[in-house]
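Scrolling down, you'll hit the structures one after another.
In what follows, chain A forms one complex with chain B and a second complex with chain C.
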Partner chain A sequence: MLFKIFAVLTVAGAVAAMSFRNLVHAVLALIVSFAGLAAVYLLLGAQFIGLAQILVYVGAVAILIVFAILLTRDSGITSQSTTSSSWRGSIVVVLGVFGVLAWSVGHSAVYQQATSLPQGTSMQEIGNVLMQRFALPLEVIGVLLTVALIGAVTIAIYEKKETR
Partner chain B sequence: MTPLANCLLLSALLFSIGLAGALMRRNAILVLIGIELMLNAANLNFIAFWRYGPNPEALTGLMFVIFSIGVAAAEAAVGLALIIAIYRHTKTTNIDQVNSMRG
Partner chain C sequence: MGESADQFFVNLLHRLVSHVPAGLGGVVSALASVVAILAVFASLFAITTVLERKGLGRIQNRYGPNRVGPFGLLQPLADGIKSLTKEDVVPHAADMAVHFLAPLLLVIAAFSLYAVLPVGRNMVLANLDAGVLFFFAVSSVMEIAIFMAGWSSRNKYSLLGAMRAIAQMISYEVPLILASVTVVMAAGSLSTVSIVEKQAGYSGILPHWFVFTPWGFAGFVLFMIAAVAESNRSPFDLPEGESEIVAGYYTEYSGFKFALFFLGEYIGLFAISGLGITLFLGGWAAPLSFLTWIPSYVWFFAKLLALIAFFIWVRGTLPRLRMDQLMNFAWKFMLPMALLNLVTTGVWRFLEHGALRWFVCSLLVVIPYVLLSRSLKRGWRLEKRVYRFAE
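== the complex of A and B ==
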């Protein structure tokens, strides 16, 4: 029952984020969608992922998108349509993708009842695995985040006329 | 409907909404939001298969989602920086008008 409530919240937030004309309203709807998804993660027993979802998406990514909207504010409110010129083909593609996904979910043999949650999914267990078996990917993701941060600043920094 | 199928259907719905936004909206920032929604749908699939899979104590799906969130954060930062750079050159974020390769 709780899962259905949060699932409806997530889908409604996503639909609103993709259909609002006002960009700031769209980001607020996106935050609702991300928070609903974090609640779904918590219901599924993944506490760490749910909290990381709230920290990273609701906290960081949403604020980043709001800053990008403020920095790229168009001068006037555009009266033209907000949909792309190729929206008819897009609808066909989207309906096809969803149809294939839903059909394969409905006809697959992976249905099984929920197994009991193992006892060892605490934060301590995750930390142990992260430091032992997944130590190298953790270092690589650290390097990737550093490179992405430097690259983002380099791309977005104001370039003077004489340096071009 | 089993819980796993519910999760997978929610994920498919979220992916389709994100794909629709990425394909149909004109604003580049909304296209990026659609891509973020698709990444979240993939994460939900990982969590669902980890939770209802045969070997949940290995924590593999959980770890993959952690790294996927990190990569998505890097992608959002670089993507928004690119949008800001494009806006500085062309004074628009409408992707139908960004059709020239000259800087």
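== the complex of A and C ==
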């Protein structure tokens, strides 16, 4: 029951995000979708990933999008049509991809095996696994993000100098 | 006396739950806790408004509210009636739905923060495994609410205020979280309840609070500075700088919606002070070992009121920062100090107990502090201020 409510909320938010003309409204709808997804994670007992979803997506990604909209457009309202001219073809492609994915997930061995999930992975276990077994990937991702950050700043600084 | 008074509210809740059918027990217990949190912290808000106005009045050499009731104590009641009876003006160009939802979202998010704060022994609504993470996740929703308010008003002052607020909250969220991570590292848990338990016990009469360690003290100072900035209070009140942008993101709110913003701001302030108490000041624990007979919730609220008094004092004392000073302070001072403090906590954890540990960790805090503030001060040109007319 709860899962259905959150699933509807997530999908409705995503659909609204695509169809709103006002970009800020679209971002707010996207936030509803993110929050719905976080609720589904929490419902599955994945506390860490659910809360991280809210912290990262609602708290950071959405704010980033908002800043991008407000800094690049003056009104935030698009004059173009919200549907692309080739929307009929796109629907066929989307349904095809979804069908193939749903079929393959439904028939995979993992799906049929995983009837009983290990309930409630504790934060301690996640921390131990991240810091021991997956320590190297974690560090590599950290370096990658830092490189991306420095790169973005470098690009931004150069542009500023040229306009002056 | 001690034990029964300490668990009075817990026992009351158990007795209440035992009177309802078995299936409804959980729901009734949760509802009763939520109602208690709403009632207690909303009344604390009412009391704080009077205390703040009186305190600021005294700092500014005037009386403050003293007309309604004895010593002006009924002032919040008068304010409440006034804001309820005022006309709710919504600008013609405003985005109706978003304009309506913003104050609600702010207040809901602010009250949700209390779900993980232990206000006394066995007195926490939800002992989440990831309690601290929950707190920061929910407090990030408040930024969205502030943006919604500022953007939907279609007023340039509102939008400017909202953008300032978001920029400030994002910048100070980083040192805030890094300062809290030190405690999480030392306690080895993200659950607020077990963080409080880790600070239990006394050596002699002094408690084992994290604030009484070198890294804990530095972390607490960083945390409190960032907390003032997160709750948009003076000296970090640029988002609502009256002299520049009217009232920031709630310029276009009137009547009860304005009161809701006010409520949300104070509730957020209490919540973040509560988190500071939980992380660094031993939560509901008594400050001295022979004072443990006083109920735990009394200590929590005593600490909370002390922090509120500190906030009022700071507000009445310090002038508002400029935007560039605000950002420089966050990124050039707070962030490096918070990162170094993280290293200090690691050193503290792996060194053996004793004087050496204290010495090394104190040096690790003090030396970077001195060097950093010296190097940041180099560009300043401080001269004696000359008053043309006053002298």
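Here is the rule we go by: the second predicted complex is superposed on the first by the 125 of 164 C-alpha atoms of A that agree within 3 Å, B and C clash if a C-alpha of one lies under 4 Å from a C-alpha of the other, contacts with A are read in each partner's own complex, and residues count from 1 in each chain.
Convention: contacts are C-beta pairs under 8 Å (C-beta built on N, C-alpha and C of every residue); 3 or more make two chains touch, one makes a residue touch a chain.
As the structure is a computational prediction, the values presented were derived from the model and not from experiment.
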item: Which superposed partner A:70 touches (first chain B, second chain C, both, neither); value: second
item: Dominant contact partner of chain A by residue count, chain C or chain B; value: B
item: First (chain B), second (chain C), both or neither touched by A:60; value: both
item: Chain B versus chain C as contact partner of A:52, first or second or both or neither; value: both
item: Partner chain in contact with A:2 - chain B first, chain C second, else both or neither; value: neither
item: Which of chain B and chain C A:24 touches, first, second, both or neither; value: second
item: Partner chain in contact with A:135 - chain B first, chain C second, else both or neither; value: neither
item: Partner chain in contact with A:123 - chain B first, chain C second, else both or neither; value: second
item: Which of chain B and chain C A:150 touches, first, second, both or neither; value: neither
item: Set intersection of chain A contacts, chain C complex versus chain B complex; value: 48, 52, 60, 67, 120
item: Chain C residues within the chain A interface of the complex; value: 95, 98, 128-130, 133-134, 136-138, 140-141, 143-144, 147-148, 151, 159, 163, 166, 170, 173, 188-191
item: Residue ranges of chain A in contact with chain B within the complex; value: 3, 7, 10-11, 14-15, 17-18, 23, 26-27, 30, 33-34, 37, 40-41, 44-46, 48-49, 52-53, 56-57, 60-61, 64-65, 67-69, 71-72, 74, 78, 81-87, 90-91, 93-95, 97-98, 101-102, 105-106, 110-115, 117-118, 120-121, 125-126, 129-130, 134, 137, 141, 144-145, 147-149, 151-153, 155-156, 158
item: Residues on chain B engaged by chain A in the complex (per definition of touch); value: 2-10, 12-21, 23-27, 29-30, 32-34, 36-37, 40, 43-44, 47-48, 50-52, 54, 56-57, 59, 62-63, 65-67, 69-78, 80-85, 87-88, 92-96
item: List of chain A residues in touch with chain C within their complex; value: 24-25, 28, 31, 47-48, 51-52, 54-55, 58-60, 62-63, 66-67, 70, 120, 122-124
